[in-house]
Amino acid sequence: MEKYSSLISCKDEKGLIHRITKIFSDEGVNITENLEFVDHSSATFFMRTEFTGLIDQQRALSLLQAALPGGAEIEIRKQASKRIVIYVSDEPHCLGDLLLRHSFGQLNAEIGAVLSQHGNCQRLCERFEIPFFHVPVNKLSRESHEAEMLRMTSQFSPDYLVLARYMRILSGDFVARFPNRIINIHHSFLPAFVGKNPYEQAFDRGVKVMGATAHFVNHILDDGPIITQAVVPTDHSQSPLQMAKIGQDVERLVLAQALELVFEDRVIVHGRRTIILQ
Amino acid sequence: MEKYSSLISCKDEKGLIHRITKIFSDEGVNITENLEFVDHSSATFFMRTEFTGLIDQQRALSLLQAALPGGAEIEIRKQASKRIVIYVSDEPHCLGDLLLRHSFGQLNAEIGAVLSQHGNCQRLCERFEIPFFHVPVNKLSRESHEAEMLRMTSQFSPDYLVLARYMRILSGDFVARFPNRIINIHHSFLPAFVGKNPYEQAFDRGVKVMGATAHFVNHILDDGPIITQAVVPTDHSQSPLQMAKIGQDVERLVLAQALELVFEDRVIVHGRRTIILQ
Amino acid sequence: MEKYSSLISCKDEKGLIHRITKIFSDEGVNITENLEFVDHSSATFFMRTEFTGLIDQQRALSLLQAALPGGAEIEIRKQASKRIVIYVSDEPHCLGDLLLRHSFGQLNAEIGAVLSQHGNCQRLCERFEIPFFHVPVNKLSRESHEAEMLRMTSQFSPDYLVLARYMRILSGDFVARFPNRIINIHHSFLPAFVGKNPYEQAFDRGVKVMGATAHFVNHILDDGPIITQAVVPTDHSQSPLQMAKIGQDVERLVLAQALELVFEDRVIVHGRRTIILQ
Amino acid sequence: MEKYSSLISCKDEKGLIHRITKIFSDEGVNITENLEFVDHSSATFFMRTEFTGLIDQQRALSLLQAALPGGAEIEIRKQASKRIVIYVSDEPHCLGDLLLRHSFGQLNAEIGAVLSQHGNCQRLCERFEIPFFHVPVNKLSRESHEAEMLRMTSQFSPDYLVLARYMRILSGDFVARFPNRIINIHHSFLPAFVGKNPYEQAFDRGVKVMGATAHFVNHILDDGPIITQAVVPTDHSQSPLQMAKIGQDVERLVLAQALELVFEDRVIVHGRRTIILQ
């Protein structure tokens, strides 16, 4: 039987759950999971519904549109594996973790390709029979390199781009082509330690916890809506190198958890924040 | 305006949310929070609704009863501070924490009395102007002492008994008088280290995490439905005494979190497990 | 029997442990705990030794001075309860926690006084028979108020000042009088969310973990060497107010843990970082 | 330059650190890390020293033997990659994680072979060019199957056997051949949920934290000395299947952390506990 998720966000008012569930009920589908949330700071209502059964998506959408306040955002998505392209630089731990999960059938996504400005992850991709493309920087300008990455990426029509430790900054133009569809793993608990060398920054600051953050990419560096974060204890005895080594395990887990939520259509971007209905 | 919580559990079937929210909608109340859960292992539907407004509780209950499958359990409770009695032995850290939160107006409960077989917590209760009663064991039999505790407790008609490190085992008869209304803090991550001296047991077993568990008390020792648990790391360098000292902070936090959930009517006991709608 | 801690830091070189333990051995004391650490980034050796027995401190110091590289910092302290003064504004949760631990004999410090620009913590201090002084701001300039706080503080000759949610910024001059002797609790995982309203900042940024930081105060706001940090998960469903409420439990625990480490002479400030030998 | 670790355990008495470091000092080696611990419950002294430089191991051992109390256990090991054999059943997540770390040069061990009673991990091993041997159970008795596993294992002379989710119980005879050299990952926070189906057990008990435990294997099921443990929160909403899925990430991390500690010669088994000097 087909499985669907609907994602609704609109101005909050009385009786919304009742109106929405009436429509699903009248359509005869079987709701298997239902989660609502009201963000009181912006008076916004969010609802995610999972259901099985045949549905006329167009009719359901227009019924919902009619029943909800003006400006409501409504999506009904058939549950399906996502298409992704992965960008990576030279550190393979996040990529390796994604390839492993993919090989176990646990990624909930098809990996169209892995692109990198470095060549060292090629062998790893070959192990898992995933296409790897080396896009060297050489004497390319930043713009030309990005254009080449974009050209290659477009061939795979990805639903999402995953930056699995991709150490180059994407331009605002590039990012604008994939709104809320680029997911990055940053190796600090943002907003601490934005930018380069966060483990060195963390060491210098003498923090006692360190972490990782998966977030959507927007036009400001390391500033997009946060999806998942986790931290581990650290102390004076760990050098930046040791922090980086231990941090790798947090990074790959935080990224995997973010992808799972996004690929299950559980994440709604609301301004600079994410609403996660799970 | 009056605030209410309704707690519903019944056999799962199609359209329940719609039927329930229709009734609340027709009654004209304003739903401020709504949480549902389906336990697929037992095909049971749970729903907790918070709402404000005037309601005819009797009519709402009978409408719900009519709309739901046979055997549904339905409660509508006006949100209110609970009445509690606290039992304690000679370790004051959990009691002190509860008294502190109570003095800050954060306990969501009125403390009718503190009862103890020891006298050493009297001064602490006096600091917070809470009645303390010393019920010494002396030459009393287990039965007589319990009977005396019960007699004194009954005067305060508590909604809940809180065992804030009460080191005596209550009889099945006693427990049966307060079904799912006695909350205990046990100083291990149950079901590991049931019974006496859990920190010594944990030390002997050489565990690397230790914890605390708040649970409802049933007729089997340390076996009732778990409400909250938390752990902290430990290692070879901590003696049982040091574990106990560090554990105190976990115990008091775990107990406070359990009480907050219970006193907000968020905890439903379902067999040997708790469903917590928050 | 007397108990001592020695704290040594010096340029790292071969044979230091051997030279140091030889001196303690020759003096006939009994080492009960010994911890060393080498910070390779600055080639600095740190050692903390706990011992019991009679010792001629002056002779031991001069023997150590002679045996260690030039510029070594050496301290031998008799283990003793510290004298502290607590500053608080109007939020009582950290103060209450310290008073409770003090009343249990677990603070390892004597509280000379509690000072506040607000009056609302007076009753709490009275419960625990700790002197409370209200130092209202009224029409006082920042300088005059601080001078008055300093005047009152000085009467108690504190080893440490504890800022238990003191919401006023201390001047550089003030801080310079208590180098590495003022301990503050900040309600974020620094360096994220420096300054005012960190929970609002954390909410706006949409973080998924929030935390607290205890640190020594230096002349830059929220920038001093970090002693302890901890975090708890948060998500979209928590308002800044709810974050603040949950955060209180982290704040008081993080502060208590920092004080325990400092009062046991386990914390060495090394530049902008702390070396904690435990 | 050669790197060594020495591991010493003996009856505690005065002056041990001094005596030991004198010997290393006289031998002219350079101590790079030194950690001691006294277990007061058994009055046992433990010390791990890392050093570089040329050493006459035999002479150093006899000097240490002469300097330490009778019955001292002393080992000096050249730091080197370990040889291991991995046993696995049909769940590949822990194995895959170890293969990935090995391919990154982060396992600190050479994998001689992977053995399994099932065939489904063969492809995974091939991806990483690690020899996989299928040892089917078929109509073999428990004894015959174990004998065959032993025969194949012996060809690789492993330093350690790693049970990366190997779901068969090894006999006491088998275990006795590899004292403190078999490392198992159990999917619960032991001692809770010994034996089969720990996630089902955890679900039935309604725990709010679940975890994983890496431990040395002894002759009693799930009873050997614990090396590492970690937990994650769970709640009523997770089925045993979902718990198992989430638990996989904890299992593989806990196992990897245990192996890192063991392979760096940081773990000393002391009765039923481990002393971990890191």
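Per-chain residue numbering starts at 1, and chain names A, B, C and D are given in the order in which the chains are listed.
We take it that a contact is a pair of C-beta atoms (placed from the backbone, for glycine too) under 8 Å apart; a residue touches a chain by one contact, two chains touch by 3 or more.
This structure is a prediction, so every number in the text was calculated from the model and none was measured.
Undergrad: Touching chain C and chain D alike: which chains?
TA: The shared contacts of chain C and chain D, listed by label, come to A, B.
Undergrad: Which pair, A-B or B-D, has more C-beta contacts?
TA: Result of the comparison of A-B and B-D: B-D.
Undergrad: Centre to centre, by mean C-alpha position, how many angstrom separate chain A and chain B?
TA: Taking the average C-alpha coordinate of chain A and of chain B, the gap between them is 38 Å.
Undergrad: With centres defined as the mean C-alpha position, give me the chain B-chain D separation in Å.
TA: Spacing between the chain centres: roughly 40 Å.
Undergrad: Counting only residues that touch at least 2 other chains, which ones in chain A make the list?
TA: Residues of chain A touching two or more partner chains: there are none.
Undergrad: Quick one: which bits of chain A touch chain D in the complex? Just the residue numbers, please.
TA: 92-93, 96-97, 100, 103-104, 106, 124, 127-128, 245, 249, 253, 256
Undergrad: Taking the complex as given, what residues does chain D use to touch chain C?
TA: It is residues 14-15, 17-18, 21-22, 24-25, 30-34, 36, 38 of chain D that touch chain C.
Undergrad: Please output the residues of chain A touching chain C within their complex, sorted ascending.
TA: Those in contact with chain C are residues 37, 39-41, 189-193, 203-209, 211, 225-231, 235-237, 239, 270, 272-276.
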